[in-house]
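Please find the structures below.
Here come two complexes built around subunit A, the first alongside subunit B, the second alongside subunit C.
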Partner chain A sequence: MSTQHTQSSTTVPHGAFIRFLATMDRRWIFLAMMLAVGMPILLKLRPPESPGPLSNATFAAIEHLPAGSRVLLSFDYDPASEGELQPMANAFVHHCASKGHKLAFMALWPLGAQKANETVNTVLKPFHPEYKLGVDYCMLGYKAGNEGVIKVIVTDLLQQYSTDASGTPLGEVPMLKGVSNIQAFDLILNVSAGYPGAKEWAQYATSAYPDAFSLLVGTTGVQSNQLYPYYPTQMKGMLVAIKGAAEYEVLVNAKYGNTPAIVAAQRMMSSREGESASENASGDTPESGVPAILQEGQRRMGPQLIAHLLMVTLIVLGNVVYFATRSKGATR
Partner chain B sequence: MTEQLSQQRTTQRGDGASHTIMCTEMRSAEHTGMHASTSAATHTSPHVQLRTASHGYANPASNPAANPAANPRLRRARTTIWLILFLVGGIGLAYNALVRPHGMAEVYVERSEKTFVEADIAAPVGAPSGEKASTKWLASDSPALQDGSAIAMAGAAHTLTINETVGVPPRAARERIAAGDSNVSLSIVDTLGVWIAAFFTLAIFSFLWRDNPIYKFAESILVGVSAAYWMTLGYWATLVPNLFAKIAPETIKGWAMPALDVQPADQTTQFLLALVPLILGFMLLMRLSPKGGWISVWPLAFIIGTTAGLKFVAFIEGDLMAQAANTIIPLVALNDTGSMQFGESLGNLVLFVGVLAVLTYFFFSVEHKGRLGTMVGKVSRLGIWYLMITFGAAFGLTVMGRITLLSQRLEFLFGDWLWIIDPANIR
Partner chain C sequence: MLKRTIPLFITGAAGGILILAYFSPATTNWGEVVTDWMNTLAAVAFILGGGNLLFVNLEKISSKRSGWAYALVTLLAFVVTLAFGVLKIGAVPNAQFPATPWAGDYESVRAPFGWVYEYVLSPLTATMFALLAFYVASAAFRAFRAKNIEAILLLGTAFVILLGRTAAAGILTGWISPEGPFAFLRLDTMAVNIMQYVSTAGTRAVMMGIALGIAATSLRLILGIDRSYLVND
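Showing the complex of A and B:
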């Protein structure tokens, strides 16, 4: 037995480097990946972003809506995909509020309602204090039923949502006066981590009523491959993974990143009179005056860059080992 | 102590190339780290079968050179990794404790009282005769109380005060505490929450090292909490509003859903309709019965039939028809002036060829022999290339997602827990 072990380990007839790679403990790779992701966070590395066509289309769709349009935001995700999707959700809400749109939040995922509340508390309330509950935004909350909910509310909102999340009858919510179904909304924004989510919105809303809906989605990288075919006919725009979030943030922050309300909110949070958060010594917010929460996506692109470089290196090394050992194995 | 029995046999493939199947049986009195981290199957069964290439180190667990118990170099590597992790962690914690002025992982809150009053709400002017005046709990600063459309009822029984806590950024909180603001304080519970979250994050990360009791503990907690959460959610989000509220609306309104709109005229119909899912639900539970399991087949058939019907239309409309329409595109794209758009035309051509090639790959009715068959085979192979590129893109996007999740957890550890980074400049 031990002879076989020795034989097996000595059948690596290559140079020391190939042997080292071939027998390397995989945990060194885990450690390398941890450092590749961790160091850019500590060093605040941030590569420049140039928005692509999908992000531009998403931005344009919200930007070209007349101020005061009704927008339905469906938060169909949970904390498990928060890292990718929360930056999109923050940017969507900030962009819509900067344009003065009326926002109705709903969720097909139970924790989506909680994420919507969190977004309202961290983005809408501090940076858009003029927004009043019921008048400028409302929380419809979570409804069980997956795509069944979509299928119903496209024709009858009250059948699923007789009240908002706090129990107020929908007829008493000022911004929803006269709204009988979601066809009354000018835009649907969906932040989606899977089922039910973007695909179901495309199937049961925009495909069934192509003239009634305009759908924009922010999606995780994992499912984005399945969603590309829906663009641009059934989805007018799409943000794909953290890269899409970062690109969209660049577009939104360039126009709405440093409004007077934001500067005031920053001062209140940093609690230093006459100094905005961006002017502090830590230098964590490179875009002047833009709150850190509106740059989460861009911040997470630094780790992406280094981790991807590491991945590419490892793939190349893995192939080197594979071909080196295969050629020797074949001649044996 | 670990004993391994290895056996190699070489088989001949049809194409003449040889490959080796290495069967390794491990009998382990104690789980070594490498065994455990290799595969979940390893710790459920002591017998592990591994297939490797002839060089024998496609899987480290099958390779004694990669077995820490047999290889001193790997033992040293293991010690080094532990040392690095502890050093980095220790330096971080010591830095926070000794150098930084304001510690770590502190959560401050501001406490305030919010008062609600029960108010009479008059029926709107011109409302139908059936619409009655009602009572409702309103915040004491509600506009309805100020403009007179609601009148607060007198008496302590109609007033409710609740304590509300709102998070305050640490630096602002410290300054307010220093200024004597007694409403702001350190929240022990929330601070403990950050420490617990950090512990569970590290516990889950520890699986990268090897399976261990701390990871098992965190995993079990996660599974238990998730199961309890989904059960509670199913009860409150589905059973109560969709079933109980229709069977006994008055009771549910008084107990769980004060905003429930009870329409006496519809109650009988609602009750009878609600009996259908109630009975189907009980029939489904008969699956647990040793003799009545067959009864559960009926509601299952109902569920599958309904779902199929619901999805069928959506897939026909949203995928088949719409996607077919999206594929009918001009191969030569022209702009408004009539000149050719090269990029768009190329994209359309790639899409058109790809759709046909991939569809051909899934068309199994023609054997890849003869002139036609060979042609179909070649197109089919092109389809495989399209599929492989698609899978590669999916893999790349998945990697991107996973790296983002890792960076978010590290941001939590460095930011919320250790306070090494402060992107929002609030600490």
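Showing the complex of A and C:
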């Protein structure tokens, strides 16, 4: 590891430590980052989370909806952002289903439809087997047109979606009977990785029809700065990155993490896959009884904590080198 | 003459109708029609995009330009995935209509299209994104220097956000009462305050500037003053 030195060791007349830092190969940093992310996963480090105001607002908005309300979920992300967004998508679906809301899934990103399918297969079907396609949830699929799709469906859903993703005419989907536009929904849940996404839903849906429905958003950390101006008027709640997902999971799991339906689902999955009673198919801990997939955000906070600490350490060390070499240069 | 006049007319009419539709309820339907046309055009653009991808990569391969092998991989991946999806090759038979191959589920991981998504596309894109962590760490060590007041402010903010968005905030400043007069010194509170107030104030100003710029540019396009989108103009 000596091919990519930033500075030749002969030009850095300092102590051994500073000299090592100044000439350190960047692959040592890569190795440190790999360990910072990998070790907490292997050691199952899970720091405690206490929900903040944004997560509380998001939870309350779903919680206070009457059971059986219509919720439109737009999955506007792809596998690249799955690390940050999938846990909140799982928690959104589990929370809504636990409340008995009717769920319609759509996507403004081509791969968002696949993410919606995955979430249905891994969360809705195993833990809410009572949910029936067409009756309790439906898959509208992906539509091209970015914000144009939103502009149309707020006034005329059928103009964009004449059928659902499997080709069934919307008029024949029981849960969408009498629905002519998305103003018939009580809540829009958007999981967003960028354009088109949360900003467009705020601008073209809730800004245009502020009294028709509420908007809740789960977003990547990078995008959150652009979305804060819309909270709390156009967006009633917002989950920011994996931290937001972890906080929201704490709230959802405290109330719906260990319901009889989940226990029954896990028992069935365990017996189907022939696993021992101590650790079932979804890898949950027997202490909590909450399936691992519904704690994924909290699990990912372990690597995030150590990686952030490493980043802070690296910035400090980089500045130590900077000031040491600068002051030495000045005295010479 | 027509090559310029017709595009200018379409642009002006579409833009004008969309503005009218926003302000006048009587013209809302016109706006919906124009937006629907736009969505149809967006779907057609996928075909144009696919055609362009084929043309550019075939040209690169035939002229053996540098990196032509990558173009070949791109082309093969595109054609194979397209065929799996459009022709529903290997789709899992539909339980209701087993004799109708077109009714099968091609998005299942047991079908080639679903398999490509699950085991090729999904891990590749996730891996590319995950690599950012390594480059950001390296950049943090080499480039993030407290050279002046602005850089020090940026560094301080970065520390607060990096620590405040993890459990480190509780470990370091959890002993400060969240109800007490010094609650604002808690790292998690500071992170929230920076993002919700300081950052939002700046973002809002930038957004207003961008909105004004978009309005000015849109008016120039609608009124035909800016014709830069007409290639030969």
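Criterion: the second predicted complex is superposed on the first by the 306 of 332 C-alpha atoms of A that agree within 3 Å, B and C clash if a C-alpha of one lies under 4 Å from a C-alpha of the other, contacts with A are read in each partner's own complex, and residues count from 1 in each chain.
Throughout what follows, contacts are C-beta pairs under 8 Å (C-beta built on N, C-alpha and C of every residue); 3 or more make two chains touch, one makes a residue touch a chain.
The shown structure was predicted, so the numbers you read here are calculated from the model rather than taken from an experiment.
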| item | value |
| --- | --- |
| When subunit B and subunit C are modelled together on subunit A, clash or fit | clash |
| Contacts of A:Leu42 with subunit B and subunit C, given as first, second, both or neither | first |
| First, second, both or neither for A:Ser162, with subunit B first and subunit C second | first |
| Contacts of A:Gly68 with subunit B and subunit C, given as first, second, both or neither | neither |
| Which of subunit B and subunit C A:Thr23 touches, first, second, both or neither | first |
| Winner by number of subunit A residues touched, once subunit B and subunit C are compared | B |
| Partner chain in contact with A:Lys243 - subunit B first, subunit C second, else both or neither | both |
| First (subunit B), second (subunit C), both or neither touched by A:Pro53 | second |
| First, second, both or neither for A:Arg300, with subunit B first and subunit C second | first |
| Subunit B versus subunit C as contact partner of A:Ala144, first or second or both or neither | both |
| Subunit B versus subunit C as contact partner of A:Ala32, first or second or both or neither | second |
| Subunit C clash site on subunit B (candidates 23-31, 113-121 or 167-175) | 113-121 |
| Doubly contacted residues of subunit A, that is, touched by subunit B and again by subunit C | 6, 26, 30, 33-34, 37, 80-83, 143-144, 148, 151, 221, 224-225, 229, 240-241, 243, 304, 307-308, 311 |
| Residues of subunit C that touch subunit A when the two form their complex | 28, 31-32, 35-36, 38-39, 42-43, 45-46, 107, 117, 121-123, 125-126, 128-130, 133-134, 136-138, 140-147, 155, 158-159, 162-163, 165-168, 170, 188, 192, 195-196, 199-200, 203-204, 207 |
| Interfacial residue positions of subunit B with respect to subunit A in the complex | 3-8, 17, 22, 34, 37, 53-57, 60, 63-66, 68, 70, 74, 77-78, 81, 84-85, 169, 171-172, 175, 208-209, 233-234, 237-238, 242, 257-259, 261, 310, 314-315, 317-319, 322-323, 325-326, 390, 393-394, 396-401, 403-411, 414, 420-426 |
| Subunit A residues within the subunit B interface of the complex | 1, 4-6, 8-9, 11-12, 22-23, 25-28, 30-31, 33-34, 37-38, 41-42, 44, 80-84, 110, 142-144, 147-148, 151, 162-163, 167-169, 200, 202-204, 206-208, 220-222, 224-225, 229, 233-234, 240-243, 268-271, 277, 280, 282, 284-285, 291-293, 295, 299-300, 303-304, 307-308, 311, 325-326, 328-330, 332 |
| Of all residues in subunit A, those that touch subunit C in their complex | 6, 26, 29-30, 32-34, 37, 47-50, 52-53, 78-83, 111, 114, 117, 143-146, 148-149, 151-152, 155-156, 159-160, 221, 224-226, 228-229, 231, 240-241, 243, 301, 304-305, 307-312, 314-315, 317-319, 322-323 |
